[in-house]
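Residue numbering begins at 1 within each chain, and the chains themselves are lettered A, B, C, D and E in the order written.
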Amino acid sequence: MTTAPSPMFDTDELVINMGPQHPSTHGVLRLVLKLDGEKVKDVDVVMGYVHRGIEKLSENRDWTQIILLTDRMDYVAAATNNLGYCETVEKLMEIEVPRRARYIRTILAELQRIASHCLWLGTHAMDIGAMTVFLYAFRERELILDLFEEYCGARLTYNSMRVGGLPLDIPTGWDEKVRAFCDVMEAKVPEYEELLTNNRIWLERTRGIGVISAEDAIGLGLCGPPLRGSAVYRDVRKDEPYAAYDEFDFEVPLGTRGDTYDRYLIRLEEFRQSIRIIRQALDGLPEGPVMGKVPRLLKPKAGETYHAIESPKGELGYFIVSDGRATNPYRFRVRPPSFCNLQGLRPLVIGHLVADVVALIGTIDVVLGEVDR
Amino acid sequence: MMEITTVHYTVLSAALFSIGVIGVLVRRNIIIIFMAIELMLNAVNINLVAHAHRLENLVGEVFVVFVIAVAAAEAAVGLGIILAFFRNKETVNIDEMNVMRW
Amino acid sequence: MAETIGFYTLSVLILGLAVLVVTAKNTVHSILFLVMNFLCVAVLYVVLQAEFLAVIQVLVYAGGIVVLYLIVVMLVNLKGEAEAHQDPRRLSVIGLALAGAVLLELAGILVYSSGSDAAVPSSEAVASPVQGNVEELGWLLYTDYLIPFEVASVLLLVAMIGAILLARREV
Amino acid sequence: MIDTIVIPLLKIAVLVNGVLVAVTFTVLMERKVIAWAQSRLGPMRVGPYGILQAIVDPIKLILKEDITPAKADKWMFTLAPILSLVPALVVFAVVPFGGDELFYVTDINVGLLFIIAVTSIGVYGIILAGWASNSKYPLLASLRASAQLISYEIAVTMTLVSVILTAGTLSMIGIVEAQQEAGFWFFFVQPVAFVLVLIGGLAETNRAPFDMPEAEQELTGGFHTEYSGMRFSMFFLAEYANMLVISAVVVVLFWGGWLRPFPNVAALSFLDFIPSWVWFFGKMFGFLYLFIWIRATLPRYRYDQLMRLGWKILIPIAIGNIVVTAVVKVLL
Amino acid sequence: MDLIWLIPVLPGVGAALNGILGVRYFSKTVAAGIACATMGGSLLLSVFAFVQLLGAEHREHVVSLGDWIPPIPLQTVNGLGAFEVPWAFRLDPLSGMMILIVTGIGFLIHLYSSAYMSHEPRGGYVRFFCYLNLFCFFMLTLVLGSTFLVMFVGWEGVGLCSYLLIGFWYHKKSAADAGKKAFVVNRVGDFGFVLGVFLIFFTFGTLDFREVAEAAAQLPVETATFGVLSTICLLLFIGAVGKSAQIPLYVWLPDAMEGPTPVSALIHAATMVTAGVYMVGRNAVLFSQAPMIMTTVATVGVVTALLAATIGLVQTDIKKVLAYSTVSQLGYMFLATGVGAFAAAAFHLMTHAFFKALLFLGSGSVIHAMNDEQDMQKMGGMKLYMPVTFVTMFVGSVAIAGVPPFSGFFSKDEILYRTFLDNKLLWGLAVLTAGMTAFYMFRLIFMTFFGEYRGPSWGSQNGDDHAADDGGHHDDGHAHAWHGPHESPSLMTGPLMVLAVGACVAGFVGIPAALGGDNAIEHFLEPAFVAESAAHSEEGAHEVAHLSHAAEIGLMAFSVLIAAFGIALAYHLYVRRPERSKELATNWAGAHRVLTNKYYVDEAYNATLVKGTMGGARGLWTVDRKVVDGAVNGTGWFTRASAWVSHVLDKYVVDGLVNLVGWVCAEGSYIFRRGQTGLIQNYAVAALFGVFTFVTVYLVARFVGL
């Protein structure tokens, strides 16, 4: 017994570093797991590996430049970030956005939601070992990226909105392509479900895993699908409608048990609801300008405002203070849904097995770019 | 050298047995002591098989089956005890196992 | 001739590996030597026309029991030297000497009596209605030695339960 | 001399090389099949339809730098992949690929036991790899893997007992001949055993959905995390060789080995023009395809669920199957 | 009839289902359903079997299921015998009657229990039915068993179930203790029984009842000598005494009333306690060959009957009264067997099963209604609240008191008649007991059902309407909110009514010749009590001396008179002058003074009967407590005294020696302690040294050529 590689079994507790380089921590999340055998006794969630200081940086950029920075937060749902920021500034400056612009914004946000959920579904299934779903989901996400490319020229960081409206109107025939995509997507969702929803192994891996009660979910400040999974009705699109959501008819799916399976079902249902919203928006797309009346130089008067939207991950809020003198914000603060949902990871993980940890990281759907900013 | 007879096997068995005995008596790592015991059991098995071969009677081999069963039982219980002991004393040194309770 | 060479090769391997098992500093190495030793013994069994036992030797000893040792060694991962502490009252030298003496004496007896080896009459052949090593062994086990066989199975069951009980963490 | 030494040696040489080549192509097949399942193309660049990928991959692996971690136990670190690969190859010695003597190396009277015994040696490679790497994840993974292997070995062995009871012999050739005599493949009398062996085989080869020991998402690659180059490729070879072994064993035990369907039905004798080894490899190919298909389809079990499946479901069913088989055998 | 083995097995299956699966998974309804269904099934089977038996030519049927114990050679008095026990069941008139009783009453009690126990938590409820079914399984095995050993299985099994059921509320210390007491006291009897079985095998080389009987019939009657038959019978009788709660082993039965009431009814009144009587009847041939033991049986029986009856007079706990009454009635049965009237004993056993089960269930109903109150002093006037229970219990009491034409009259009278023929003294005691029986039973009825309500008040005491309403939905747990006494649900009253009918009519199967009947049951049962050879050869020779019918009727009239007297007395004391009896009951310690000073009008009664019996009862009770306990205490004292002596011896002589040895060891161990290192390997070296020595010796011997 000369070599003693690790004090693995010397104590009942084994400390394992999961990440920051780990295939299933979705980026650079680091978990310090304290294990009892295979069971997680405690976990330290360490983050900040991709902190770029976006909030501080924004206080030294002018109002339009910041849009570009918001792209870099939730990089799988950049358009949603743009939307949230632009609407906040519009609220601060009391700018009226043309109806057509609001409709297109809604379409973009919902496409973005589908794309984000596709990525989530793929990686989540991959974490649990179902590798085929990953490629299927990415196949559909690719179509969305193509749509975005056609709209704004970029595939990931779109920089697709402006304060007061949109920089561009939609290209000719784009709406038909979106419609076609909706049909494709509607056909593909059952395909995912076929692979997973009733799969015994999938059920065993997700049912009853990471159960969180409604009280706890609220107490932890969870938002988005993790919150709705625990049967709490909260959706900014319904509660405080923005863009054009008040004009559309859609439902907010709710879970019952608050486990990983419920959260999975909710996101799958959100695919369908998003398609429904997009179709309604395309049907009722009004004519008109896409840019409102906006001064050349954006310079809001002194004041502060908070505005939240429902990003694919949950409630994405911006808090902006303007001192009314400079052409940049005095204070810029983001409430990123991933960050808040990450609070829930520790209570979710404790008591589960190591193998469940990856499933649970997946189920709360974090994007580290947003967490660390 | 010459024809191989049962005596050769028996001598081999005796030698293997003695090595096992030495292992049991000299080593202080209880796991190695257990392995030395396995060696001794194997020495016995060789003996049994050799004589079964000589006498053309399979009863010797039957007993080898039983010896293997006993060895398996011994290993399971013995290693269980070692684990339980290790959990309490953090050692596998037989010289530190000199009290009946602690 | 081939048998002679084979036997001596195997003997040297078996004894040499056994010595290595007993002398190896690292427990894991020791276990590996033990496995190889057992494989050699299995070959010896094949030479002695006990194919079933050879396979069982590999399956149970090498594939089962020694794996258990290996796993336990990994579970019992020591920080320090396993044999650091030595009790001054140990009699290992006397033990070594005695073991050597016994070996010599046994060898003496065997060599002394080897002349009479041929004189031992072959015992009556077992009257089993089946042919072949495995079949005959099975016949014996399930007829004449049925009760010992069952007892052995009970022993294994008890050992299994005991091992689970012992190795379990606090109840 | 020629019969006893040269021909067997030649056979062994052909067999070992054949297996190794087959493994590389199995890897290619897996990549292609999974790619098709996932609506991709898979490797396409090297050779027509990427066929030469099977040759390029091993070359790449051999040429890669072979790293030994500084604090690893060098001897063990080197020995582990060898210990893993050798049993996987040895097993093929008793697999009859065809009806003729040409197609198997040897036929021993304890053939099936031999396979079980030798495969059980393969555990050492995995445990030692984890231990010698001197790293946490590999060690954890190797303990998992060995526990899994041993558990499922019990289940598979118990299941095989019922097949042995049906066939009345331990010899691989004998089992196929028993099926010929019976006139039907044993799959039709032992469907439960077939399913059990298939599941157990999946688990013993650490394939999806039982691939926790090498679950990338959880343990960053399992027991061979620290390996690279040639030594890594040996683990790789061992895994796929084991896959071949399981397919071959399943074919021999349940699907009549080299026999055509319904070997006793004279009406089907026109099928005999297909050589026996084609039947064998065809069936084996079918099972390889099944393994790959399963991998493409199913998520992964959790470790405790896997152990529960092994101990609480498979083993009891296997025991029940033995009892039923024995009763039926006695009654008939 | 070949399916009679199913009769015991069905409840066994029910018990297994409820015990293995039910405790975890079954709901109350399912558990009770299974238990009742299995019992119902075996009841049906029993009825079929019995009907077939009635129609059969040869009224005996043996079904063997196979070997239990394969033949083992064992020493007997006639050299080696084959000790072989098959799983064999025998259906003959006696066991046929018994299975009807057990399954019939068992089934009713199962039904009753499903309502009575409804307040139990689910687990306990299922457990109860599991035990109850298990009991029936064992009881039926006991009854149907065709050899002593199979019977012994049932015998021990019912003991076990009795223990389990008495201690059913095991969290209550008194219940757990009572269970233990019953179990331990029974073991004393079982010891005798098992010794008897050993001796039977040693003597006859077989354990089959029929073969034993045949063999025993060949032996001479041991009139003057105390031979092996007498020994066997004595040992068997000890077993019967334990199981059937006779002197001196009756003490457990009153305590057994700690168990749930249906249990008391089924086990401690109707079936298990009669097993002793059944066993003696089963071995009638043996006992007939040992007259000395017969006398003993009769004496023990009548003394028990009297003693228990006297004790019963003064009890206030409703179940205790019934318990002592049971002991008393069992005494009757033994009296009957003792005087050779085995059929009469069996007859009484049957009628007793009906009316005593009825009484117990009725009392259970009352207790249930009174929110688990068992003290009769706190009842009264219940007939208003629970008419069905009152009527049925009244029928039961009339039956037990021996009022014609209820069942108890016929069976009891048959016993009295046969006793009168045999021994006048025993008859006198028996008649006295009969009177007391009538008294205390009606005391119970009057105290419980007549007079003023004396119990605690309940929530909204607004009259009978409310109480009557309450009966319908008492299922919602009246333990929490008790709304006063009420009638029990139909599941409980149903069995009561059925049993009441039984108590009325069961006697008609044995109407004696004197009253124009033909005593059908006696002729039916007779084959079971004689050896087969005897039955054929001595047909008709088995006649006993007869009295004229007129004299017989006179005897009957006398006993009825006695009973009537008892009833009248009870009526007087507890209905017409309830305040007196109350005083009497409350001033229990000074009963004598109270009686002489206050009851001027009833002076004559008091001075002669009441005081005498009360005093006698008290005296006997005191004897029980002072003499018996005194003996025990004396033994204790003696033990202490001798312990002191031995203590002194111990301290100075023995300890001295021990200390000396210890001192020597301690001093000497300085030398040996060195070797005791705790190092295992050093010990192994020692072992190796032993091997070395042996091998050396062998080697030297070889070389020297020894």
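One rule holds for everything that comes next: contacts are C-beta pairs under 8 Å (C-beta built on N, C-alpha and C of every residue); 3 or more make two chains touch, one makes a residue touch a chain.
Predicted model only: the values in this text are computed from it and were never measured.
Touch-path distance (fewest steps) from subunit B to subunit C is 1.
With steps allowed only between chains in touch, the distance from subunit D over to subunit E comes to 2. Chain pair with the larger contact count among C-D and A-D is A-D, by C-beta pairs in contact. Using the average of C-alpha coordinates as each chain's centre, A ends up farthest from subunit E. Each chain gets a centre from the mean of its Cα atoms; for subunit A and subunit D, those two points are 43 Å apart. Computed from the mean C-alpha positions, the centre of subunit B lies at a distance of 61 Å from the centre of subunit E.
Centre to centre, using the average C-alpha position, subunit B and subunit D are separated by 33 Å.
Centre-to-centre separation of subunit C and subunit E, using mean CA positions: 63 Å.
Touching of two or more other chains is recorded for residues 21, 25, 29, 90, 92, 95, 98 of subunit B.
Residue positions 26-28, 52, 56, 64, 73-76, 78, 82, 87, 90, 92, 95, 98-99, 102, 106, 133, 169 of subunit C each touch two or more of the other chains.
In subunit E, the positions touching at least two other chains are 677, 679, 681, 684-685, 688.
Taken together, the subunit E residues at the contact with subunit B in this complex read 677-681, 684-685, 688. For subunit B in complex with subunit C, the residues that touch the partner chain are 1-12, 14-23, 25-29, 31-32, 34-36, 38-39, 42, 45-46, 49-50, 52-59, 61-62, 64-66, 68-77, 79-84, 86-87, 90-93, 95-96, 98. The part of subunit D that touches subunit A in the complex is made up of residues 34, 37-40, 71, 73, 131, 134-137, 139-140, 208-209, 211-212, 215-218, 220, 295-305.
Residues 3, 5-6, 8, 14, 16, 22-24, 38, 125-132, 134-136, 139, 195-196, 199, 201-202, 204-205, 353-358 of subunit A touch subunit D in their complex. Those residues of subunit C lying in contact with subunit D across their complex are 26, 28-29, 32, 35, 51-52, 55-56, 58-59, 62-64, 67, 70-71, 74, 132-134.
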